[in-house]
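What follows is a pair of complexes built around subunit A, which joins subunit B in one and subunit C in the other.
Right after this comes the complex of A and B.
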């Protein structure tokens, strides 16, 4: 048996939409098999994982809380990946944003003004963007691989945060727990509904819509796509690759930083050693599942948010490890990448007798 | 045992997993493939190695399990990137994410259990020589394997026909294909070799470095191994030097911490990552040095025309 790829005449539009659907279906099937192997009723487990989180108002609100950072970071990464710029250190930029934004409530505890929160959000975005500028500048100036440098900086950011909340920024009245002072009302994001959904969800939707317009209707969006798909053509058109690298990192870093400060000033309410359950890495999957399209990322963020919620629910009701959510997420990315082949190629399986008479093309 | 001797011994154990993982990735990249999933394969090697050793009581079965897990993971990557020509960067990331998740799931049952330590060899007389003995003749078997492997890879890559084919495939896959070499098959083999090495490196962590299973115990070593390959400019000799330099940095952080100087431990822990960045900058800034040895086809997809 032999597997052969046959190039399609043109992109299959149908497959571009179908491939994420097939990928999700395959993930669910394999997930069911894993559950069955662990002696669980696969249908019940899958129901708890993927359906139950969207059946009650409470869990829908929780979903918005989880999806917001994924979408915020995911849209930024989608732009990066479209331009063939590989920022995979979003988790570090999120941490940097959370750090810098929290400097206000921690260092200027008494500053109460309508501008407090605005300043926190701005500093959060700036923190993420500045932190993201490091790999971009190292790439442009020295040619250092941005994948590796941005990833290394994740560890650096997390260790810096760890030091701050255990050292200088620790709450003196916090019984020695590694956490900062609890933020005051005016330092927290306004919430909706039962008080879980915060402004971060609004930012996420705005970011996705604005970037959708930028990508579809503006010269900048065109530049991103040309540099990503045809770097030589981009060079002839006078687009600067270096400027694009910096632009992508600043944009995605800023959004990740914003997501970071929203996590702290939203559901968290104080700074602690782990501000995110790996949103920065999961957002990579979100970007790909959303076809690197900002609106697609919006849907993908919701889906991955469900996997986080389902993971928590399954842990409580079925006693399955919450690691299962991570396995689902990893599998999903694998299947998306595999299915994406179908957009450009037809897959043919040749067996015994056919192998000998492969027609020459 | 003197203090210096102890330091050198720990440096060797810290450097070995880096060298093992990096030498595998070097071969992969020489064949024109960029596998960013080293961290994922390594962590799977660590958990499977620990699980097999704990269940069977034999560290050697653990090593075998680690290698098998690494190969299994790498074949997933090979199928996607070679047979289905998926994006190598994205697929490597997927491999890492999947590996970290899967290892957490498998390892949950083994967290906190006492591990099986890979014994250090002991040669009568030789190992008893003061200072030199334990360092040269008293290591565990994998330390010698890592060095032998590096020498073997250097020899095969640059002195044999197989190595020539691998480098041809990595340098220009169209020409190699035209000459009748099966580009995809060569790359499959190299990717599997890289997976075996990464799995072995992971098993080393959970069997020799710290004989226990801790979630995410690779702590970015897979990524540092990737950076080492760039740092070595794809040359095994420099790779070995680099691995030992990084191992030294890793250990020096721990020792300075132990001395009780007023530097926060987090700063010392971040040293290996910062040094990696600096090393990448220094080596990438030197364009001629990098250009000469960079495999020309690295990361590029190849679909054979029939």
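Right after this comes the complex of A and C.
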């Protein structure tokens, strides 16, 4: 018996949707095995990890808080990856957005008006977009690989933030803790429910729906898909690859920056050295799990949000490291990329009789 | 060993080298091969003829192991065999030279061949073997040459030598002469005859009926996935073969003379452009006017600046000066491709998949590709009118007889001829005033080629100006009113087609009109 991959004539629509399901199933199975090896009851551990976080209203609200930045960043990255533009530095753009947006409450502590919040959000998005423009321009001007430049700029942004909150932007009344002044009133996002779900969740849903329409119905969305699929045909259609690179980075950087300022003006309420538990990187998985489709990203964001919550829950209840969340996220990305092979290929089993006369590989 | 001894010698042990028996291959409900039987004798050159979409590629892919038949069996030397993949085919002794071969331009000949070998090889030893085999079979090839510096014909030799190194018993050649000059083709025939003489069978796929007559011992003709005839091509005429292929007399082309030349619509003056990268060709001071109602053809050997010339006419590359290209009197040398389409110009590039069409997109989406912003526009206010795109697709595929398995398939699975009919039809459907088309019938079957050529003539007769860039001299003489020749980025004057002989064009293709060349333009005309 032998297993072979056979190329399909057209790509399989069904597999495009089935692939994430298979990947999730494989992740859960392997995760269960890992739990079992740790001496835990795999079923109980998986229940605590994946099911319990969505059983109470409190945790559902917490899930919305976690999923919002993942979706906001993930939809932007989905557009990038569709166009074959590889922005890996959303974490840095998130940080840059949080930084620039926070400049308002930190430098103009007394300014309190609805405009304060608007200015913060706009500056957040602008900060992320400008920071993302750097790898775009480097690519267009010098042909520098955007994967490397965008990734390396993450550390630049994080170190800049670190320096600011330990130095010039440190709260003078903050007992020397590395954090900024605490934001108040119009410097904070309005919240819903019992006060943790914030406007960022609304932005995330709006961004996903708007981009879904853009991708499905507009010429811009068509342009993104053509350039990602066949750059030469894109040039023949009159679309500019360089402009597309810039567009993708500005869009995804802006959304990441918006997610960044929402983190600071939402759950945080002040600037500190860590503004995100790696949302910018996890959003890469969200984009792929969501099939690079904005609506799909909405669901994928929720799922990856659960993995963060599960990680926290497992730490408390099972006493295992919250790094387990990253293990799950890594496995998920690995399996989904592997399963995506099945969109263009099918697995075929050759049995004894069919194998006869075929020289072994 | 002589041919005869091989044939009789093997005939005693096996009747046929390869038998494909009752092969059926279905894609959904569409039978690409429907009960096809093909038998190959050692030492014969066997032609596989058929229009695009007739099922030739499918059959060959099954033999070479890249597809598995839905039913039917392959017998290799009288034993039932499953060829699981191309590697298994190569182990059996089946070699294949693809129409679109893929080589690494930045590597040498020997390095490219080494990459395709199943095991690790010593490069120096391999180079010796390459040199030996290439001399032996009259395929001159320098193992240390960079592929980027080689012509298409030389690149094809790499592929052939690669197959020969594995000592094949069956060599499959897919449209091998499509990319060759007549001299290179003759050289190839010598090699193939010699191989056949040594007992190797050759399965030869071609649209060029004359060369099939000249070269092949036997021919199997496919139509709509079925075998319609097995004939001795020596005893047939090109016309009778064509009739078998298309099932009716091939539509002969009506090329009435154009009315007296009128005002120029497409004007190209003093067009120069530096080479784009180390492998590009620089364009030098090109002058050409194309008038309404006429077809001007650009002849030339591939790689002499045709694709650069096409790109600069379509606007994918911009000219340095605005006046270098004018459409209907308006300068547009620095305008992009969309702006030129809005001036009622249309373009058909050489490469169908990946340039003229996006492989993974449905045909209706590929309609949007070139028509999103011209002719009323399918993208009003940024939104795409998908109904309009589907209507155009239906209209184009009906008018140009594009055969497909469903109403709106992806571009990728379409055969070359069918996709070309779509790509040309998509532009003709706009009724453009200017049409620039690069290699309109490259790798396309006789039926589709006739349809496309007739459509080009009809367009010109309706008042448009048509510029055809082609390597196929038969095609050029068939359609054109005037002919110019491009060689190393320089374009000759355009001469009336009736005033030129093949020999004169051959001289110009060899560079007679070049400013640095020995002969003056007058010597040619």
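Throughout what follows, the second predicted complex is superposed on the first by the 345 of 361 C-alpha atoms of A that agree within 3 Å, B and C clash if a C-alpha of one lies under 4 Å from a C-alpha of the other, contacts with A are read in each partner's own complex, and residues count from 1 in each chain.
Just so it is clear, a contact is a pair of C-beta atoms (placed from the backbone, for glycine too) under 8 Å apart; a residue touches a chain by one contact, two chains touch by 3 or more.
Quick caveat: nothing in here was measured; it's all calculated off a predicted structure.
Engineer: Touch test for A:4: subunit B only (first), subunit C only (second), both, or neither?
Structural biologist: Both subunit B and subunit C are touched by A:4.
Engineer: Now for A:236: first (subunit B), second (subunit C), both, or neither, which partner does it touch?
Structural biologist: A:236 contacts subunit C only, not subunit B.
Engineer: First (subunit B), second (subunit C), both or neither: which does A:337 touch?
Structural biologist: A:337 contacts subunit B only, not subunit C.
Engineer: Can you tell me whether subunit B or subunit C touches more residues on subunit A?
Structural biologist: So, of the two partners, B touches more residues of subunit A.
Engineer: Contacts for A:145 in the overlay, against subunit B (first) and subunit C (second): which applies, first, second, both or neither?
Structural biologist: first
Engineer: Shared contact residues on subunit A, subunit B side and subunit C side combined as an intersection?
Structural biologist: Residues common to the subunit A contacts of subunit C and of subunit B are 4, 7, 358, 361, listed in rising order.
Engineer: Flag every residue of subunit A that touches subunit B in the complex, lowest number first.
Structural biologist: Touching subunit B from subunit A are residues 3-5, 7, 81, 86, 88, 138, 141-145, 147-149, 151-153, 155-156, 159-160, 162-163, 166-167, 281, 284-285, 288, 321, 323-331, 333-334, 337-338, 340-341, 345, 347, 358, 360-361.
Engineer: Flag every residue of subunit A that touches subunit C in the complex, lowest number first.
Structural biologist: Those in contact with subunit C are residues 2, 4, 6-7, 9-11, 217-220, 222, 225-226, 229-230, 232-233, 235-238, 348, 350, 354-359, 361.
Engineer: What residues on subunit C touch subunit A, complex-wise?
Structural biologist: 27, 66-68, 76, 79-85, 87-88, 91-92, 314-316, 336-338, 341, 347, 349, 351, 354-361, 365, 368-370, 372-373, 379, 382-384, 386, 409-410, 412-413
Engineer: What residues on subunit B touch subunit A, complex-wise?
Structural biologist: 36, 76, 80, 83-87, 89-91, 93-95, 97-102, 104-105, 108, 219-220, 223-224, 226-227, 230, 264, 266-267, 269-270, 273-274, 276-277, 280-281, 284-285, 287, 290, 303, 305-306
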